[in-house]
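Let me begin by handing over the structure; questions about it come next.
Chain naming follows the written order as A, B, C and D, and within any one chain the residues start at number 1.
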Amino acid sequence: MRSLCVFKNLKSRYAMLKTAILGGSGYTGLELLRLLSLHPDTVVIEATSRQHRGKKVSEVFPSLSGFYDRLEFSAPEDFKNIKADFVFSALPHGASQEVVPEVLKSCRVIDLSADFRIHDAAVYRAWYGEHKSEALLKDAVYGLPELHRAKVKDARLLANPGCYPTGAILALAPLIKAGAADTSSIIVDSKSGVSGAGRGANLDTSFVEVASGFKAYKVGCHRHTPEIEQELSLLSGAGVSVTFTPHLIPVERGILTTAYVKLKKMMSGADLHGLYDEFYGQEKFVRLMPPGRFPDISQVRGSNYCDIGVYADEKKGTAIIVSAIDNLVKGASGQAVQNMNIMAGLKEDTGLQSPPMAV
Amino acid sequence: MRSLCVFKNLKSRYAMLKTAILGGSGYTGLELLRLLSLHPDTVVIEATSRQHRGKKVSEVFPSLSGFYDRLEFSAPEDFKNIKADFVFSALPHGASQEVVPEVLKSCRVIDLSADFRIHDAAVYRAWYGEHKSEALLKDAVYGLPELHRAKVKDARLLANPGCYPTGAILALAPLIKAGAADTSSIIVDSKSGVSGAGRGANLDTSFVEVASGFKAYKVGCHRHTPEIEQELSLLSGAGVSVTFTPHLIPVERGILTTAYVKLKKMMSGADLHGLYDEFYGQEKFVRLMPPGRFPDISQVRGSNYCDIGVYADEKKGTAIIVSAIDNLVKGASGQAVQNMNIMAGLKEDTGLQSPPMAV
Amino acid sequence: MRSLCVFKNLKSRYAMLKTAILGGSGYTGLELLRLLSLHPDTVVIEATSRQHRGKKVSEVFPSLSGFYDRLEFSAPEDFKNIKADFVFSALPHGASQEVVPEVLKSCRVIDLSADFRIHDAAVYRAWYGEHKSEALLKDAVYGLPELHRAKVKDARLLANPGCYPTGAILALAPLIKAGAADTSSIIVDSKSGVSGAGRGANLDTSFVEVASGFKAYKVGCHRHTPEIEQELSLLSGAGVSVTFTPHLIPVERGILTTAYVKLKKMMSGADLHGLYDEFYGQEKFVRLMPPGRFPDISQVRGSNYCDIGVYADEKKGTAIIVSAIDNLVKGASGQAVQNMNIMAGLKEDTGLQSPPMAV
Amino acid sequence: MRSLCVFKNLKSRYAMLKTAILGGSGYTGLELLRLLSLHPDTVVIEATSRQHRGKKVSEVFPSLSGFYDRLEFSAPEDFKNIKADFVFSALPHGASQEVVPEVLKSCRVIDLSADFRIHDAAVYRAWYGEHKSEALLKDAVYGLPELHRAKVKDARLLANPGCYPTGAILALAPLIKAGAADTSSIIVDSKSGVSGAGRGANLDTSFVEVASGFKAYKVGCHRHTPEIEQELSLLSGAGVSVTFTPHLIPVERGILTTAYVKLKKMMSGADLHGLYDEFYGQEKFVRLMPPGRFPDISQVRGSNYCDIGVYADEKKGTAIIVSAIDNLVKGASGQAVQNMNIMAGLKEDTGLQSPPMAV
């Protein structure tokens, strides 16, 4: 195949949205590039990479050969000259806050790092340390469309949710919103594929170390805890406390979250299912499983769906909610595109209609 | 999400091609359903399944929930009433030949089984046994578009190539066509992911049996051998003999083929690369790697690409050609859609433009 | 290698214990054969298999070529003539209870099925249905040596614990025994490798279906729940209720259990660790991790260890206990050998001293 | 479990062999520690590690908790003071040759690096560059016991074979020795698990990069080529040329080698099998498969076996030989222990009798 953008002729001739990616050579960067190649209304005009500056995208990612063949990774400092409609920052936590204020002067920003997700500066400091652009925290919109669609539309700085929080909040929101949960004893037991740890040379995520393993990590101290608690507390109208334990699954993609909720008053399985159906019935990207069925991360792989299954133990007064997402899509880059669509006034699922690749 | 075809409104209002799938609940069936959901000009009007007749597609394949929600698997015998433009037969070898003659009366057929790939009835019998529709063998077109595009266009019965043959033939075609290979000593060492064995309850392909394994199988006797030899002989103009050994890789998808060819006369690495570039330069779905780089099955996953890398050992007079395909896409369902596009006069890559999902 | 038992000359000349295996061609059978080949004081005189009767062990399990080369699988009904010191029953649930009464007449039995684990016949019926040898339930000893070592010693019918219960009970026993847990709200979130589903042709455990997946199954209704509750209630002296959710990990072996316990009164991390150190300090097969470290199933693979890590959330008053076992060893065949050693008056770790194969 | 060496009391009281490991914190180091813990006649008195000096072995390798609990990794420069009967060098290529001359003054050395495998200094330089202890090349014994048992016995410096060469040479030796092979056209297509790349932080061997992949690498230029050619040439009595292509399998352990040999004169399948049976019939660690069966890397996992299957294509005059080893055992640390046993006058399989862990 000669170097051609096979999509060029698919894209409409009218002015397309210009997008740029900061930190484009990690897994969320790769996933943005993959998803945006499927988007009919955008063009990627720039992607930066410290490690791969000057290299063609298809040299770093051979899977993309034939796509983006004229695009080379530019230097990190080139962010200053970007004139795009939307800038996706896929920079690491801490790095994003250093450049976002400058970028915001000329572009709307969708930040995939944790830098702008926490509204309360004191909470941010307690979990992450000093913030270099603290003033922006209050302006940033937490981009979980299913909860904050109206605010997302007008956001200038959008904080794209964390992968674990996306799965956990979507699993719990209906119960919390309905006031049906004992909010002092929520257990969130989550399991993530390895791509959640990012792309890099690291013994802890090397094939041999993890391929036959399964373990809990950061028990009691993972930084996604305050993000989950913030959003559930907003829904509840009062403080919600969550015990959150992440685990590592030897798969590339996917997060399964098993949430345990003590119910304030008895609820039948049918009632519980009805509550979720009511809450998510109009949502394009949440698929409620039929009663008695539960999600599998393989069934959402590569897609922006969050699949949810619910169970009520009527004897014990406990609800078990299981959610599955692809951490790189609904947990990161897909949700970022979904947010961009809303911000741009496009149909929310534009470019996100591919079915999961289950096998 | 309420049950909607999210794609409905993407599909143009003018008459779309009607397609049907026989044996739709295996992996090639699932892959056809996945790929056709991305195709703007087709609609799937029927899919049969012996095991799952009467069940909704999304019940059997939860990944497709939200797609095909009104489609139920029909009974195998319903093939008789299908009025479609194209019928894909994903039935097992042997079963296809029983129904194809009838289906051909009213529809064009793209057969993914091995039933119509071998032109020579005697060869067929030697490797597969009696054929129930032997007369059709001479009419069927072997649907490797890179070699037989013109014939494909007018085919009424298209024999979609086998997964191993696709990778092997594409790896070897330029050398054979150029008369550069010693055709008496070609070695084809292929390695396939587990989905190549089909979808079914089988101890040999159960997770625990294969997850840490790697083995050769059907050494010296795999039925894809005559198919490879048939096509290479056609290219060569004389008999080509191939030693073919398949192996099982513990991955879901992908075939890597390493082919060893004794060169008739010396050829430099640059010459070899040039030969392949010349042969495949205009092909949409063959990506020749830069000199010194070789393909990885992960880099074509989910896509219709065949990636090829070449190496000439000038001292030993040997060429090593490595090709990678996704066995379910270019090795089966994707190539079937590519063939349908050609047969229907559509752009060859319609619905097949998604980049690989490397990670 | 010519067929020799490479171990023959290692085994002492004095009378060795004769053992037999009923249902020897599944994964627990294979694991018993592997472990017993390492045992200096036993010889396997018979192994039955419905499916493989008449075949050599090394034909069914090529890994064991060179071991047991004179042993052929005998027919299921041959159990009647077995004259062994110990008979391991690795038959499926339900099948074991049909033959154990007869076998008990001449041999001590270690039963790896669920048939004799539940003491209360009414509970058994509620979860499993009618029992064909109900009278034996009260005689069977539940063979978790860390809790019932004295009784194990004299058992004639030993009920080897289930895989999930082993991990869950060992994780929770110290807290329950100390009366420190709120026994009304215990959450046991367990994750198991695929071998736990047994050896057989089954689409649900085929490679392609599970390799990229992760899911919960039998939510709220897994039959290991009453077994866990029985043993914890015995420890507690009162009824203990457990919410138990099993999940499937795409690995061959291993169970990780994450247990959440509401503490009755505050306990520091150091106190919690001390409690576990006290409880398990003398146990050969329980390894308490240093404070702040948590187990990984890969680190116990192939061994009889149960690794445990503990965490106290002093703010929330919650303890998180994580345990890891190899489901085929400590969760089945290894524990069976450990029990046999105790019953035979051997050192408890005889034949079980191999370190885990972490990589 | 309190810290005890569970093996202490197994080991005889008479003077045991003192062993030391240089570079003990990689995968071959870990495997030596695992295997030596099973060896009744040795004790590990020292293990060095640049990265982990001062740490306990069980802190670096939690799987070994309960074994070696008094052993801490010492500094690399401590090699100078080692007084051991056998020193295993598991240092990287190039590093070994810097320390071995010094160590040889007081200890016999088994070197697992490539530093002393090539006899011809010119060949070494061509593939590896300058050698710092070139004079030792001619003294070193190539430790493939099946070929050089007598020399191994008296070796002071033993060069432990490479992983790929072990599998390739054992596959080809009988045919080469018998003069039955056309030695100008041998193809060795090998596939290795990821642990062959060593233990370290490396993007190329990270889980996400390799888990769904399969690729050829170092096509035409892998450094194991001259090692294979050296040994086959010695067997042949004339120069043997090999085309060798390594591939990466997404498993932790194992090498499968598929070798293709043009036969000088026709040979039946039975003749070929007989030739191998004759050659390896007395070998403890080579298991010839029955006719028609071929090895799987899972069936040798964790063991020192090399399983071999053979096939003769009588029509094409080609032999296909497939061998399987565990790259960390027969391909590295197990073979090192086998060599030590021979050098020490022990039974060759001492400490190496565990069956494979196929599942």
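Here is the rule we use: a residue touches a chain if its C-beta (ideal position, glycine included) is under 8 Å from a C-beta of that chain, and two chains touch if they have at least 3 such contacts.
What you are looking at is a predicted structure, and each value in this text was computed from that prediction instead of being measured.
Of the two interfaces, B-C and C-D, the higher number of touching C-beta pairs belongs to C-D.
Taking each chain's centre as the mean of its C-alpha atoms, the one that lies farthest from the centre of chain D is A. Rounded to whole angstrom units, the spacing between the C-alpha centres of chain B and chain D is 39. Between the CA-based centres of chain B and chain C the separation comes to 45 Å, rounded to the whole angstrom.
Averaged C-alpha coordinates give centres for chain C and chain D that are 35 Å from one another.
Residue numbers of chain D whose C-beta contacts span two or more other chains: 27, 195, 208-212, 250-253, 295-296, 298-299, 301, 359. Of all residues in chain C, only 185, 187, 189, 191, 193, 208-217, 219-220, 241, 243, 245, 247, 249-254, 256, 258, 260, 262, 294-299, 301, 309, 311, 313, 316, 318, 320, 322, 324, 359 touch chain A in the complex they form.
Touching chain D in their complex are the following residues of chain A: 27, 194-195, 199-203, 205-212, 250-252. Only residues 1-2, 6-7, 10, 27, 30-31, 34, 37-38, 61-67, 195, 212, 252-253, 280-289, 293, 295-296, 298-303, 305, 307, 328, 349, 353-359 of chain D touch chain C when the two sit together in their complex.
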